[in-house]
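In what follows, a structure is listed as structure tokens, so that the remarks can point back to it.
Labels for the chains are A, B, C, D, E and F, by order of writing; each one numbers its residues from 1.
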């Protein structure tokens, strides 16, 4: 019984520690990585394993220690998994846009080590740069 | 009863007449003058019918309570003095009406004229017979107002308007001072009942306030009676039609001041102060008026200054505080009324016939208009105080009395000045008569068609002059009893025996008048020389002075007022914040107690401190970078985030939810607006101003923060919320105490709150609905994007994600609503979440796409929401319970189990509808405007590209 | 043991928030600041969940849920504004 | 329980129902909306009169919302003063509504009637509530409705003034909340009567904080009442508002005054220790300044509407001079003058509109214009309004001012007060004489008359009615002043109010 | 039936979500969940023009795989952030040619890429046939592209058949 | 460092910032100031119930101590009202700018903000 408890404790603590650590690493990456596109990779950790770990820890905790089901915490992850990519995508678009409209913000070079994005194909460009073609699957809600 | 009826009729008759005249103002002059005449005549008849009883010593008084709280009764009192004035007001009023009928052209606004005249008559009559001081004040101010109308009758003339305004300003202003004096008098005497006050001389004169009230009351009298230095309005009042002048100068208006002096003689007179002020003011005025009158050329102006002088005489007499002098005053009041009215009317006739009032153009009129000449000359003689006219008798009395007063301890001062004044009045009277009617014509065309007017026109003056003559010949039989009685009324005791006669034997007074007549004749003989001397001196034109002071005052004050009320929001807020800071400081300094209380604090966790740092940093960043509008919004949302976290930490989950969802909506709103607002960072205000604002801001911060600290470090004082905790479940049927408070304990607040939100929605709609028109529409039409934009309108990933999110978030909203009563949540938060679900669609898929798919209109939502909430509240009335009384029950549904149903949740549905409607209203409308702007921009772009090609 | 884990987690998240703040204020591009804010939201959700564990209460769950649902809207709106100016079109 | 026992809530519920109904029908059947609006106002007047009669016997009726006992729930308190204010509001609303409909100014947008009803709901709620936070809520309701009404008709001037009006009042509301927070923190209650009892037990150490709260609250009310220096928002706001709206706004500043009369004796009375009567010493000088600034504005105003706006400020100043005495007599005088000055202010705005509508481009500017339609009639109305506004006989203002003069004779600085009241009256008289003679006596070439619009005389009805009411107020001054003084005594007797509100609890 | 339940998958998802939120499995909760699951899709149908047919079994398998990848990737990226100097990091833009055609599928792919640390999908080409991805450390872009296509896109083609 | 101090000081800073910004010359800054100010006010009102950790006012069996629910209800109401007012103020100032072409509130009108150069408030402060 106690063994099981301590086992539960270990599991819960582990999840919490992992989660917190990854959240910190994500944010740290956002501080130290060179330019916006690299920094953008930070949050995904905080979102996924960071918060994920925390939530699993929480679910385990409420189930094993408090004896209550707390599966609803999963919904938090569900929503974050839907929304986080959107944020990242939009921020990336902003970056692409700024690469074009103001190539250098006050002298520092935003292009970054990855260089400029490649042209997808001779007959089309990236949606951020040119209007979506009506026939393209990306042309949702264009009317 | 009969008496009351009579007196009420008497006092209301003129007003009634005025009313009737205005109702028939469309009809001919005959109607107007007729009504006025019959009004005056009837009034006169009533007064005469009362005369007998009054002269027998009976004081006819009636009283009806009006404003007991104030001591203002509608009480009328007809004693001999009142009777005397009533007779003059109505009698001369009647004559003036008759004269006016012939004087005015039927084409003029005679309706307005006679109506105002009757209004004025009523006011004067009211003064004469009111038995309550406050009531007297009412009528007093009414005379100022109605005389304003009369003097300004010929409104197309600038001098009429100015004269009227000046008269109103001076007499009205004096009236206000009088109010102060009278209220003091009443409070000191302990009553506003006239009769009572007249009994309380000892109390009044013993009061420390006596000097104050005396001066205040005297200012009232002097302004009305045109005493120096308040005389200047009277000469300009002659801009009024002559009948009006005749009335104002003889029996009314200016006499009101004298009346008041006489009325309060028993209470006020007899003191050093009184005698000194009143008699010296009267003396100066008498002399000054006579002196100026001598050099006027306009007939009416001469008469105006003569009035000033004659009133000075009356005031002086009443100021002597000598019984016999008062008697003389009463007699002279009658004389003056008679000859002055006659003189003005004659002047009017001359003006009417010759078309000029300039004495320098006139002369020798005696030949062409003998009747007028006779009338005017006799009247002038009475004014000059020549025997055998009434004026002589009263002047003799006056001169005689001057010998009994040693003003400022100088026994000779008053007699000499008085004699001098008498001489001057002889002079101006002589000049008036002689220059006008004797000698040879000075201006041919003025005499061209000059002749005596119809009897109707000279009838009135003739009657008055006859009176003046008889007042000299048979004074005792004519007015003896009246004067005695009136005098007694003035004195408040039986007047000394009075022997009015032309011949009193040889006495100093006779000598003085002989000197006066001789000197007067001499002056007239040498007039041109004296005139040159007079014109050598410089004179200040009172009217000009008055108008100038007024316009300067106007400019200065205007400047000040405009400066103070500049349309600067900054100044308004500055004032508000300054007051707050001062008050907080005041409370902190003057109030007792230390800043820090006794309650122990709770240690802050690392997380708390870091969150605090976040908030502080973000706030400082907002302030420092407030000119970068977009950036600060990012900081603001960080602040909001931290506050939400704080609410979580401080056990306020509902607040956290609200904060989070409101934050999102607010940010969307601000972004939508920001897109259309000018984005050029505003120029920095001057260092001085920024420093000032910063200082004020810091003080305010310290103040409010300090207050918060003081509050937080003090123990709670057994708050009523204990009851809410105890009754939330048992009485409110919910475990979420906050929500139960919102929808039940304090549902009334929430009702008001959702209405606020609903109104905000409506107002925003009303504002933006019209934005496409007018200047705003034009500006929207020329709106330009201020930065290069990406061509992509609806990013695919975003759109797809929001479509899956819509049902999920809606589900969450419903869930939050349903359990709000027991767990964090509730109608308001649910509404915001649902609104956000839809706003997401706007954001991702655009306005048109989403708007085309929306079902219910916001107006319907808001209206029905409010109705649902109110109806829920009213529902409880059906069960005899008060508004908003909730009820709930637990029902067992098979399979499902316990289900709670609470009316509070129905109420919460109303909340949900209104909040959802209002939020959608605001953002949808705003984005609609943005749409317009964007389209306009696209159009412009297209045009420009066309031009490019 | 859990208690220690929790307090360790609090410290980590506190440091994480500090990192976010640094990036938020430092920039340099507006994109960086938005990333910082977005990450801050996620870290705050984590903090709320952690508070839930620390206090053994379910009451804070809704806050975390709502924040997870709507927290990104700010980010997206800011980006849309920078991309298009008009966030709803 | 009989339906009569629910009369207390009716003044709030009636408009709360009328507004959404009007909103729903307005677009399709505007006449129906107008009808609803009128019916609602009439009903409010009827209820108010019933409450007035009910309160006349001196009993204080309370209405516990949701049956939650005071002080735990929200309670409405109907005493004499509240009944007076309700009646005044309902009367004024009918006049303003009548003018709006006759002058068709309600058609400049279809939200007028709903907003109008919500405005009244806010006013009535503020008059009735016995709960401080609830008072805040109803302040917000009447404020935001007033924003809607003030902006009705729009146009640059209104929008610019609107921004300032709205933002200043938002700040005011925030300050209200701070004061509320302090008071709840110190007393632990929101019910005014209960607060009044609890302040007595506040330890010395906390009374400084209480004092701050009192002063903050007073300054919030002063802002609403537009007392110098917190009056800056008023002139422009009122001058540019639609006249019918401005007429209704005549009561808005009085709400601030009312709130002071309600709150200060009830909460910061003799028992409040360091906070007892704190705002009092600042009120008298501020009031005198307000009267001076207000009538100074009247003296120099260039448009009638501007003049009316300043007259509102001035009358508030005069009113506050009386209120600042905090004696039964001064307060009684104040209540009478409050009723008078509200109607007088409204009349001024309505007459200004009558002039403006007839003079086309000359509008209500005090410059000679062409001879315009019904000049005699309008002139009479203007003179009446001016007489009322300056407080000359025979209209009620004179009695009001006499009452004030008499009642303040006992306060220490009565000389200053008297000087201010009488002096401002004089400059007011001169000011109105100037504008009046410029507009009604002085005329330019009659040629321009051709362009003048033909206006139906009907729009003189509302101001005429208002003047008639002022006359009636003057004739019936006896009973009205008695009621007012009784109301004042009741308002100052916080103990019996507390007994009535808290009853057994 | 199609009209009553336009999106069966969504309905099921909603019921599950509802039960999760209620955090308890009761009859009442289930009934309510079913009501929600039926009503909401009907109500929000207008907002769903496209109706992709989904192979749920493949979908679940895909999710499991992604979850696993996420965990692994987290550690890899953590290592990069913690131990690699900036100049040794090899960020790169990847332009991934797409075989998926429906926007839903492309969105899921892009989302997956963003969720797995180390890669962020930045943009779609205007023609919708290319996906722009930023990789934190891709010394060999070509192989990285191939990995994504084979590991995720291929599976997604089976999910959205 | 006590929680009380943190909250009080935070309120103070917010108030200071709010006052300073609301005294600026353009509507946007003023609205911003009001936003900060109302944050502070809401926190202040909330603080009137004192600070309680881990005692949410949601009834639980066996729990007797709860955070004071009343201020929370008041703050909730206040937040809603503030939101309504802010929304109106924002729209009104926008509308007024569209009508008059100026968003100045300091009285000295300078119309013609339209002719302003573009500015993407992106980079760090110049």
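The rule is short, and it goes like this: a contact is a pair of C-beta atoms (placed from the backbone, for glycine too) under 8 Å apart; a residue touches a chain by one contact, two chains touch by 3 or more.
Small disclaimer: the values here were computed from a predicted structure and weren't measured.
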item	value
Steps needed, at minimum, to go from subunit A to subunit B via contacts	1
Longest centre-to-centre distance from subunit E, chain (CA-based)	B
Central chain (by mean CA position)	D
Winner on C-beta contact pairs when B-F is weighed against A-C	B-F
Rounded Å distance, subunit D centre to subunit F centre (Cα mean)	30
Between subunit A and subunit E, centroid-to-centroid distance (C-alpha), Å	13
Averaged-CA centre spacing for the pair subunit D and subunit B, given as whole angstrom	16
Rounded Å distance, subunit B centre to subunit C centre (Cα mean)	61
Multi-chain contact residues (two or more partners), subunit E	17, 21-23, 103, 106, 110-111, 121, 124, 128
Sites on subunit B at which at least two other chains make contact	567, 569, 571, 573, 577, 609, 630-631, 649, 653, 674, 704, 707, 711, 716, 719-721, 724, 745-746, 749, 753, 756, 759-760, 763, 767, 775, 785-787, 790, 792-793, 796-801, 804-805, 808, 812, 823-824, 845-846
Sequence positions of subunit A contacting 2 or more other chains	26, 28, 40, 42, 47, 70, 72, 75, 78-79, 82-86, 89-90, 93, 95, 97-98, 101, 105-106, 127-132, 137-138, 140
Touching residues on subunit B, where the partner in the complex is subunit F	566-571, 573-574, 577, 599, 601-604, 608-609, 612, 615-616, 619-620, 622-632, 636, 639-640, 643, 646-647, 649-655, 658-659, 662, 665-666, 669-670, 673-674, 676-682, 685, 693-694, 696-698, 700-709, 711-713, 716, 719-721, 724-725, 728-729, 735-738, 741-742, 745-746, 749-750, 753-754, 756-757, 759-761, 763-764, 767-768, 771, 774-776, 779-780, 782, 784-787, 822-824, 828, 915, 918, 922, 925-926, 929
Residues on subunit E engaged by subunit A in the complex (per definition of touch)	17, 20-24, 49-50, 70-71, 74, 77-78, 81-82, 86, 89-93, 95, 101-103, 106, 110-111, 114-130, 132, 134, 136
Residues of subunit B touching subunit C in the complex	605-607, 609-611, 613-614, 617-618, 621, 630-631, 633-635, 637-638, 641, 644-645, 648-649, 653, 656-657, 660-661, 663-664, 667-668, 671-672, 674-675, 785-787, 789-790, 792-793, 798, 805, 808-809, 812, 816, 823-825, 829, 833, 836, 839-840, 842-843, 846-847, 923, 927, 930-931, 933-934
For the subunit C and subunit A complex, residues of the former touching the latter	1-2, 4-6, 8-10, 12-13, 15-17, 19-20, 22-23, 28-32, 34-36, 38-39, 42-43, 45-46, 49-50, 52-53, 56, 58, 61, 64-65, 68-69, 71-72, 75-76, 79-80, 82-83
Subunit B residues touching subunit D - in the complex, by the definition given at the top	25, 65-72, 112, 134, 137-139, 141-142, 145, 148, 152, 155-156, 161, 164-165, 168-169, 172-173, 176-177, 179-180, 183-184, 187, 550, 553-554, 557-558, 560-561, 564-565, 567, 569, 571-573, 575-580, 583-584, 586-588, 590-594, 597-598, 704, 707, 710-711, 714, 716-721, 723-724, 727, 731, 744-749, 751-753, 755-756, 759-760, 762-763, 765-767, 769-770, 775, 859-860, 862-864, 866-867, 870, 873-874, 876-877, 880-886
